[in-house]
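Only one structure is covered here, and it is reproduced in the block below.
Should a chain be cited, it is by its letter among A, B, C and D, assigned in written order, with residues numbered from 1 in that chain.
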């Protein structure tokens, strides 16, 4: 974990409402593991108190990239960042996805920025399996060609049917799942909460492994403030686990979902 | 007085540390009288609570220009304004300089942004007299050529002697004053407080008229909050006068200087 | 959909919409009249008035802070008679109730100023300033002890039939007690909150940034404090509450109403953007319409807490 | 010019510089250790500890506001024994005093937690949290009434020889009274201020933004309030004050010291920029040097007011 006071290298529209932001990060870049995130502050335009967490989409020796969608004050302020503008990042943060277990068949399931969050994992995994990507429209499904190039069998679903199966990710996943050797599946999931829960439920029910990247609002990002806690099952009941430090990736069985 | 939510038309270095900012202002532009000011807010980058006052340097049917120097948080934030960026202005504000009295000989005395504040008056005055401009170095004396072009006899003074007389404005003004028909002089002054006071004292002592544009921190800019008050002499003693509404221009005899 | 009913009542005072301006941030009316149509406001609240002319504090009187500002104006003003002479003729022109914010150097002044003003029809209601952080006598001292707080309200109650609206001090651990006391003493509503006692020091001159040394903090910085105070007070009293403290956007005003405020006041935001009151009025209406409310008063106290 | 002496003393606790971190914003030490060298801090103040393990509040626990943030973490923690087991071995490694922030669900808990911790050499001092706005029992209730406030301090005083530092509640009209009471009860210093009781409501869901409904406001928004409280308290007591509330820049910390704080704590700013404490330490040193002071303690209380 490092803090870098750095600058914007690239910033433009990516697809739909998503934008790509590349930052110089000679210290953080080389340390990144798939599934980790950055905690970002715009010292210049925005006068936010809190950083904002973003999954690391790409990382190399010189820098890191994120894909983000403007949804509120902080991300709107990011919109006007220009090349050379100062940015302050802490990273890489979180545990990231674990190494794939021996003999398992990897499956990716993602929605929204989850596609970006899974990209490094998709690249790293030695075996390329099937990738289920969900979104509202074709515009919301990111990086399909990139995943295909890596050798993934991409199965998109869109609510409006503008790409792939019409419906939710589960509408594509469920029929496919039935034909598999269930126990050998190992899911890497990143997306909105209902998607995480749907996949987690199936994992528990059917007996496969599912690594879920949890999205919780954060303050410190390093485990100090106890903002981002979720309930983790223990033998006695549950305990708080910090998404920023103990996660964001948890195995489906660890999570006690609140009603 | 109007409020215009408008945009930046031009913004660049002017001279020394001063920058020129031109704003579209089809409502305010045509209303401007010399010596009035704008109250400016940057809604975008800066998250200031209070507007900042700036003298109107130029004004026409389409817009207004100001000359400003970054000295603090607000003016530093202005630095990054780009063409097309949103700006919110209220203006024209204040009383401005009065019409010249019959038969008087106009004299301009200015320092810093005072040169900009006097420019419209210098243009409007039917008779062009002498203009005393003071600054630390040649860099700090703005718009000399422009005033010359209008027909003013510009007499610069600089602390370091890099332009005109070495010393303070008074070092050029005092010897000159001795040779004049004192009562016929009418001074239009805008500059730092010590300059205003020096000219005011001479006006009272020697019996000429001096219009002083007072610089006081402001909040509302329209006379509502009573932040910007100075003591104005009355028959019974003094009363508060608001620089933003009752000023910023006062005749030297009106002002009760605090020790 | 139908236009929701925007009007509300504070005691006998009818406001065409729930939005007024906060005392001291809008002068006496004429100052912003070029920019704001006073007929569009729910009410005009003028700067604090005491019986006699008052000089206020020395300068500097305001200072900008992060997300807020400090003020220690010190309640300069023309006094009751001066107000009647200088500003009532102007204020008469509008079809908008006028809330006069009153204060006193001592207990008696509160009665006196009402006596001097009460015959004026233009004066619709009184906001009793029991919480100015910037005057030595009166103000805050009355607002942080329930005894003197109650006595002032009782005194004013005796002098007028018009609505009286004590303005509560924010620097107390239990605002509910004051809200209840106001109700018990016959107030028609309460205002929450005044600016919060605060200070800034210039580290080069070692001098406070305000001539008065301390001042009152206002603006967006204090909004979360004000929301809590309104919520607390609303649980303690049935009186309508005029909520204020950092209202900049319609959403802020709506938040106050949801917390329990019947009306709201736009204060410091007038300095930042004089069109704030318009935006707030329109935004409250749009919200009520979107929620399918017949009246904006349906927003009041809807917090699920 | 000579390097000014940076060290200060809080009771018997020696700090190599006047800068600590605010309880709850820096975890128990290890969390920021990758980014901040704990040996450079004047002291490490850890998150609030009560005798037993505590679960704290539900989520959401924090919410960003203009110039500040709300928190209602609710003091989750491992309890005294858990703290000793999990964190003391780590904290031992550093040459930096450790201030343990303690709290209790009832009066007795304050004594109990000290009993459990006092044998640990690593525990240098206690900050007594009498002002947490986010727990139902204890916390704030003790901090806004002088009686219970005094009793807690007296109780803790009996249990330990180590410095005890009551942390005062900001939502009182007269903090001087609490400062004086702390002194009278044998405290070694006081901390000012805890986060301020506040609230935010989501206008779409009508639900408070925090699961706990209300929370504490911290960050730059409250700095002017904190400066005033420190200034007021410094006039009422000779005890050293640890000042905090919105310190983001060295200038902020210096302002607290000029107002009367002997030491300062960096809180919310750790979240924004973990290098804040470094910048603050360096900035205080540079200021003292520029002013020609032999020691940073010469800054303390220099306000001309």
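Note that in this section a residue touches a chain if its C-beta (ideal position, glycine included) is under 8 Å from a C-beta of that chain, and two chains touch if they have at least 3 such contacts.
Computed from a predicted model, the values in this text were never measured in an experiment.
Chemist: Using the touch definition from the top, what's the fewest steps needed to get from chain A to chain C?
Modeler: Minimum step count, chain A to chain C: 2.
Chemist: So which chain is the furthest away from chain A, centre to centre on CA atoms?
Modeler: The most remote chain is B.
Chemist: Between chain A and chain B, what is the gap in Å from one C-alpha centre to the other?
Modeler: Result: the chain centres lie 56 Å from each other.
Chemist: When the C-alpha atoms of chain C and chain D are each averaged to a single point, how far apart are the two points in Å?
Modeler: Taking the average C-alpha coordinate of chain C and of chain D, the gap between them is 34 Å.
Chemist: Could you state the distance in Å from the CA-based centre of chain B to that of chain C?
Modeler: The mean C-alpha positions of chain B and chain C differ by 36 Å.
Chemist: Residues of chain A that touch two or more other chains: which are they?
Modeler: 47
Chemist: What are the residues of chain D that contact at least two other chains?
Modeler: Residues 65-68, 220 of chain D each touch two or more of the other chains.
Chemist: Touching chain D in the complex: which residues of chain C?
Modeler: 65-68, 70, 140, 144, 169, 171-174, 196-201, 203, 205-208, 213-214, 217, 220-225, 227-228, 231, 246, 251, 254-255, 258-259, 287, 302-305
Chemist: Mind pulling up the chain A residues that touch chain D in the complex?
Modeler: Touch list, chain A to chain D: 1-3, 41, 47-51, 88, 90, 216-217, 219-230, 240, 245.
Chemist: Show me the residue ranges of chain C that touch chain B in the complex, using the header's touch definition.
Modeler: 24-27, 31-32, 34-35, 47, 55-56, 59-62, 64-65, 67-69, 71, 73, 76, 219-220, 268, 270-275
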